[in-house]
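See the structures that follow.
Consider the two complexes below, in which chain A is the common component and chain B and chain C are the respective partners.
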Partner chain A sequence: MRSLKLEEASFWYPATESPALRGVSLEVAQGEIVALVGALGAGASTLLLVAADLAPRVTGGRLAGSVARRDRSGIVLPTPWTQASGMAFTVWDEVAFGPANLGWPTHEIARQVDRALEQLELVPLAARDPTTLSGGELQRVIIAAILAMDPGLVLFDEPTAELDPDGARTLWRLIRLLAKQGKAILLATSALDALPDVADRVVWLEDGAVRAVGTPDLLADVTTCDSGLGTSVATVWRSSGLPGPYPLTVGHALQRWR
Partner chain B sequence: MIPALRLDGVSFCYDTIPALADLSFAIAPGERVALLGRNGAGKSTVVRLVAGLARPDEGTVWVGDWDTRDCVPEQLAWRVGSVFQHADQQLFAATVRDDVSFGPRALGVGKREVERRTDRALEDLDLTAHAGHHPYDLSPALRKLAALAGALALEPALLVLDEPTIGLDRALRARVTRALLDRAAGSVALLVITHDLTFAAETLERGVVLDRGTLACDEPLAGLLGDATRLEPLGLVPPPVAALSAALDLPGRPVRAADAARELARVARGRPGP
Partner chain C sequence: MTGARLHPFTLLAIAGALPALAWILTAPAGAAATAAVALVLTLTPGAKLTPGASPGSKGIGISQGWRQRLVVLRTAVLTAAPFWLFLLLLHDVPTTLAIGLRITTMVASFVWLVAALEPARLVEAMVAAGWRASVAYLLAATLSAVPVLKARAQRIVEAQRCRGLSPRGGVAARLRALRALALPLVLSALHEVDERALALETRGLAPGIHRTPLAPPPDPAVERAARWVLLLACLVALTRRFM
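Showing the complex of A and B:
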């Protein structure tokens, strides 16, 4: 079932004349992972803010076109420290802050918090003061806090930015698991090499508009490679002068090589 | 030759939580070192110690022939340019140029020298066109480059950077690589904390890996980055180019994209080079 549908959505930030989004149409279904890629400033973060109902509601500005959401959404921003409540003395309380504000009964709050802490491998940190955490630890706490509110649509903006490679791998696995459990996932990332194993669909944004949509194979295309949006393996293949189609991953390269 | 940086048996605790234990390593002028390890391994603590924002509980941090214990951060700025994580939020001047020139002005170098250093730093990161803009009119990614330009403008003997590529796309990461390689060619030592092993492979040459506050390994990145078995227990994963070279057994196992593409082409043509 469809979780999010944008039709011809355009968005202008306050006091700007050119739109940050131009006529974007996009659907995300439950259980689906859609990844937004593009150069900086292409509109991926803005699209997530619109999907989260933060733009224009919080940012100001003007939206044209339509945005329909079926589920409650949760967004993980690339700046986790701006998402901490600042009112919790322990990681457990920080994660409970959102569910508590939804007015849930205590036992349901506890159930969701415990589950989210487990999913993000944060149980050993549950009693820590959030202000003493490293950047990567805090990022995982914020993700747990969003998931504890059990959103049907989860929006991630550069979710692995602060994470070490191991932490990033764990998070990508979790995102796959969330989709399997039926959540709709829309994410923006510059970690292009992770996408072949994660995304069902890739949406290439350029100048606020959709330039191309496809499977992750899109990231091995000549045009994406030449725009700095190919996977590392595809890009190396292209620069070597070997003929296409280019392999997307090391596994594909190995098959091709044999 | 005196190393640009030397940690000698350094230990440090946050209250009762140990962050570093008996850590020793040195960096020569012009050397490009990646400081790697899991979240919480103690990497950012090293930056704080080198910048003089914290003092070791035990051991000594030497910046050239200065014991940092005897120095205040302003003094260390003569030799160390540091950029902290989320530095894009630490700009304060009304224009990018004023922000970038703040360091050399504060050092008290002459006006013409301030101009020269500022121009060079802005040029190195392609920020000249933004020099007159307010920092907060720039995107967070360009603000991050502006913060880096501020450190370059100090023209220090040692640059210490904490996650310089977070939030940058491939084109901007390449800009940072180019600027850092250029400075290192001029004998500036680099100590760069990064989780971005693709960036590390392109920019740096030696990996110092921390594991729970201790030195887990210290060796050339070229061999280390392709070795999944050794990286795994350190919380690291081979970056795709290194993994590709290892999987295809490319000669020399290159870890940089350009080198891998060249080897790939050569092997594919069936004429192995000399």
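Showing the complex of A and C:
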């Protein structure tokens, strides 16, 4: 079932002439993981803000086209230190901030918070003061805080930017798990190497418009690699002057060698 | 009872009543009394101005020690000091005393309130009392702005020191450092406002919501009565002053 549908969506930030999004049409189904890739300024973050109903409602600006959401959305922004509520003594309180704002009964808040803390492996930090956490720990707390609100559509903007490799791997596993549970996932990331194992579809954005849509194999496409959006393996293969098609992952490369 | 253990409404009532009484009561005796009370309050356990030193939910109100209390007192005194200087330049001694003591009461009360009031407890108390969560957050965020900006300024100064700009030295050097601090401090704070607005929206803090109070602070009858007494005291003082 469809969770999000954009039809010919264009968006202009306040006091700008050119749109940050140009005629974007996109659907995300429940249980599906869609990854947005593109150069800086391609419009991936703006698309997430539109999908989250934050643009233009909070940011201002103008939206053309239509955006239909079936589920409540939750968005993880790329700067965890500006997402903390500043109203929590402990990590547990921080994660409970959102569910409390939804007016849920306290037992439901406790259940969702405990579940989110377990999912992000944050139980040992539950009593810590959020202001004493590292960037990576705080990023996991913010992700837990969004998941504790039980959104049907989860939007991630560079979710692994603050995480170490272990934390990133845990997060990608969690994202797959969330999709299995039926949540629709739309994420913008520059961690392209993770996408073959994570994403169901990849959307390549360029100058605010959709340039191409496809399976993660798109990240080994010649045109994509020429634009610097290939996986590491595909990029190295291309740089070495080896013949195409480029392998997407190390596994694919090994198969080619054999 | 320590400041941080009092109900947030009681803290607000005290911090509001002291300046009110300072201006209502005759100077210098009345203003001196309120200033003394306000300055003593800054030394009460629980007052602190260091973000990140929160004691944790189980330890709300636990004193961080005399050092933190002295920091609160010093902040109040240093903030009030320039007012005394200007008053001395502009007025005679009796007028300086009268206005200076009142301003000291205001400053010390506010500094004590900022140091003793946990914004999260204020939000919980206001939500439990039926206030809108967005209004409660707005008030709490305003009160927590002082320590947050102080910490941000500290980070900027440290970054500038790493690049060779020292805030130490003579008056000219300090003024240069102050000018170099002001712009990034203001701009970064303004930039963060936009991001924070997005973050709070996505965390469900929107106008019209009905937030569930997670741990509303207890509001004993004696404190509720004390708040009424403070209000009555202000009204009585006001009546006597003008009758």
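We take it that the second predicted complex is superposed on the first by the 258 of 258 C-alpha atoms of A that agree within 3 Å, B and C clash if a C-alpha of one lies under 4 Å from a C-alpha of the other, contacts with A are read in each partner's own complex, and residues count from 1 in each chain.
In this section, a contact is a pair of C-beta atoms (placed from the backbone, for glycine too) under 8 Å apart; a residue touches a chain by one contact, two chains touch by 3 or more.
Keep in mind that what you see is a predicted model, and the values were worked out from it rather than measured.
Trainee: In the overlaid three-chain picture, which partner chain does A:75 touch, first (chain B) or second (chain C), both, or neither?
Mentor: Second partner only.
Trainee: When the two structures are overlaid on chain A, which partner does A:193 contact: first (chain B), second (chain C), both, or neither?
Mentor: first
Trainee: Could you say whether A:104 touches chain B, chain C, both of them, or neither, answering first, second, both or neither?
Mentor: A:104 sits against chain C, while chain B stays out of touch.
Trainee: Could you look at A:96 and tell me whether it touches chain B, chain C, both or neither (first, second, both, neither)?
Mentor: second
Trainee: A:153 contacts which: chain B (first), chain C (second), both, neither?
Mentor: A:153 contacts neither chain B nor chain C.
Trainee: Can A:9 be said to touch chain B (first), chain C (second), both, or neither?
Mentor: It touches nothing on chain B or chain C.
Trainee: Contacts for A:132 in the overlay, against chain B (first) and chain C (second): which applies, first, second, both or neither?
Mentor: both
Trainee: For A:36, is the partner it touches chain B (first), chain C (second), both, or none of the two (neither)?
Mentor: Touch status of A:36: no partner.
Trainee: Same chain A residues contacting chain B and chain C, which ones?
Mentor: In chain A, positions 79, 132 sit in both the chain B and chain C interfaces.
Trainee: In the complex, go through chain A and note every residue touching chain C.
Mentor: Residue positions touching the partner: 49, 52, 54, 57-59, 74-75, 77, 79, 82-90, 92-93, 96-106, 109, 127, 129, 131-132, 145-146, 149.
Trainee: Can you list the residues on chain C that touch chain A in the complex?
Mentor: Listed in rising order, the residues of chain C that touch chain A are 51-52, 54-58, 60, 118-120, 123, 133, 137, 140-141, 144, 148, 192, 194-206, 209-214.
Trainee: Taking the complex as given, what residues does chain B use to touch chain A?
Mentor: Contact set of chain B toward chain A: 14, 17, 37-40, 44, 85-86, 139, 141, 163, 166-172, 195, 197-198, 235-237, 239-241, 243-244, 247-248, 257-258, 260-262, 264-265, 268.
Trainee: Residue numbers of chain A touching chain B in their complex, please.
Mentor: Checking each residue of chain A against chain B gives 39-41, 78-79, 81, 132, 134-137, 158, 161-169, 190, 193, 228-229, 231-233, 235-237, 239-242, 249-250, 253-254, 257.
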